[in-house]
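After this come two complexes, each holding subunit A, first together with subunit B and then together with subunit C.
Moving on to the complex of A and B:
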């Protein structure tokens, strides 16, 4: 009963914060709400006893990704977004596409049955996660990380200015 | 014991305690720091309010309560007001997962001296302490003034960089204890008879240096270097909002000291837990041992602050990326190797 209440509380919080991310005009406020969304999602994971996922959500998304967003916003110095005047067709698109996407997601969720995960004291899930990553799917996992590394180095090479003497 | 006491009174009492305990430690620390630094520098320090000046932090807090709350016109009011709350929230919430002592048996009821025991408690605490970065950077940005912004940027670079060696050394402990549950880690140290700090001294030293850097304390207090940045990210804050930043910094120090004690120095265990001749040490309650140990590390914080001059910013970043992270990686490999071979 209490678990359900906690779950609903965090779920509603996550959805409301996610909506606020989109409607804010100030990019920094959006990021704050994004942080709230991330934390509320972690709360949902905790309510479902997926403690490992919740902790990783806080650590990686909260502590890592959101902070990177903040950095980018500070560095590119985003000003408040001035709403531009739009015609009827773009407005229809603005409303129609999200509604369609939402409908698609809802139908998919309604059609798919979710097998219930095993729970218990070991139910925090990091053993299962570790077995998946480092035993069943080791090769795809490593390949993905090499791909990410290559992309990272590529981005640096492309973005770097020529003729810099770096003393360090 | 009636269900009312067990299900309502005790949880509520614990919640109050988990908020009060860091606050009391903060007050003690502020007094201790000012007195000890003063003694080390051949001054007297605050010694007028109460016995030896112990009530000085209380007087300061009262003063801050009544101060005018200033916010300059260009500031972003929403972010400016929410930042101190974020910093404080993340520091206090983490204390829910800190075991303060061994469970106490009262008749059939077992009173645990922690609020939550989670199989991933260690990760959650690390995550929460990285959340406090939000408060710093939002506060610095929302002030809309140059020194806070520079302080906030420095702080984030510093905290994010030093989180990597912290994470790597914490992993070695989780590896040896085979658990990320703080209570379980202490129990494993009890069972093995060795504190992990002596088993893995490199882990401890790297963790401690990164911990001092993560709490933005001297010699790594670049984000609030007064000679360069006035007061860093909280330059524009006054009154209770400033006090929140200030108290959160000290609460974070208490949290980090607790983590060091739990991960590397046996939490609530007495010294030499497995030596028979020293069994009488078990007569002292675990909570007292825990307090003695964290007081030592809090004192160490003050000691370091009074001893070492401040780093330059590039030296600070070089230290972490060129020394601590490689060292932590090698240390991790060695620990993993020993763990697998044994």
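Moving on to the complex of A and C:
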């Protein structure tokens, strides 16, 4: 019961903050609301007893990605506010399509009913997760490290200047 | 015990907000933020299903999604910086060099 209350609390916080991320005019305010959303989502993960995910969420998103966003906004000096030139009707259409998609999936889930799965023998604690990650999913794990190396090199190549003495 | 339908609905709402943000906004940085929201919604559903099925696979897949989100953010920022250096703007309307 208390878990459900915690879940609902963090879920409402996350939804409100996510809405504010999308509607803000100023990008820096959006980043702060994104940090809020990320931390509330971490609370949801803790309520779902996915403690590892919650910790990773706080470390990687809250500590890494949000700070990266802030630095990028400072570097590119995102002062100018890009005007939204779309009319009301295209905007409503672009909002309506995702809402329709969401309604469709919700209807499907509700009508088919979710099967109450038999409690598997695996468990979802740290120990089971680590054993499965380093046994069954070792190859994707190593592939992820190669992906990160490729991203590191690619980001440096894309973002560097062509010549050191090039003023632009 | 948290009902699985509530978790899936919550994840879907976050996903929907993110998708609407990617479609509606024209600021490149805010579009990248909305992409993070999309991936967050997927992670919530994965964590809820892992809890529901009593299996560690939900957390493992969500971990891989987080790795992909970090990679996407890094490459996206590199592209934004390169584009800004080139064009001095973030408006996606001026990104029409390849328009036929």
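Points worth noting:
Just so we're on the same page, the second predicted complex is superposed on the first by the 129 of 168 C-alpha atoms of A that agree within 3 Å, B and C clash if a C-alpha of one lies under 4 Å from a C-alpha of the other, contacts with A are read in each partner's own complex, and residues count from 1 in each chain.
FYI, a contact is a pair of C-beta atoms (placed from the backbone, for glycine too) under 8 Å apart; a residue touches a chain by one contact, two chains touch by 3 or more.
Note that the coordinates shown come from a computational prediction; the quantities given were computed from them, not determined experimentally.
Once subunit A is used to superpose the two complexes, subunit B occupies space next to subunit C without a clash. Of the two partner chains, neither subunit B nor subunit C is touched by A:153.
In the superposition on chain A, A:47 makes contact with subunit C only, while subunit B stays out of contact range. Contact with subunit C, but none with subunit B, is seen for A:95 once the two complexes are overlaid on the shared chain. In the superposed model, A:4 makes contact with subunit C only, not with subunit B. Legend: residue contacts after superposition of the two complexes on their common chain; A:74 is shown touching subunit B, with no touch to subunit C. For subunit A, the partner with contacts to more residues, out of subunit B and subunit C, is C.
Of the two partner chains, subunit C is the only one touched by A:137; subunit B is not. By the touch criterion defined above, A:56 reaches both subunit B and subunit C. Touch criterion met: A:128 reaches subunit C, while subunit B stays clear of it. By the touch criterion stated above, A:29 is placed in contact with subunit B alone, subunit C being left untouched. With chain A used as the common frame, subunit B approaches subunit C to a shortest CA-CA distance of 15 Å. 52, 56, 64, 122, 124, 168 are the residues of subunit A that lie in the contact sets of both subunit B and subunit C, per the superposition on chain A. Across the complex, subunit A is touched by residues 76, 78-79, 82, 118-120, 123-124, 126-128, 130-131, 133-134, 137-138, 141-142, 149, 153, 156, 160, 163, 180, 318 of subunit B. Listing the residues of subunit A that touch subunit C in their complex gives 3-4, 7-8, 11, 14-15, 18-19, 21-22, 24, 27, 30-31, 34, 37-38, 41, 44-45, 47-50, 52-53, 56-57, 60-61, 64-65, 68-69, 72-73, 75-76, 78, 82, 84-86, 91, 94-95, 97-99, 101-102, 105-106, 109-110, 114, 117, 119-120, 122-125, 128-129, 132-133, 137, 140, 144, 147-148, 151-152, 154-156, 158-159, 161, 168. Within the complex formed with subunit A, the subunit C residues making contact are 1-2, 4-10, 12-21, 23-27, 29-30, 32-34, 36-37, 40, 43-44, 47-48, 50-60, 62-64, 66-71, 73-75, 77-82, 84-85, 90-91, 93. Partner subunit B is touched in their complex by these residues of subunit A: 26, 28-29, 32, 35, 39, 42, 51-52, 54-56, 58-59, 62-64, 66-67, 70-71, 74, 121-122, 124, 126, 168.
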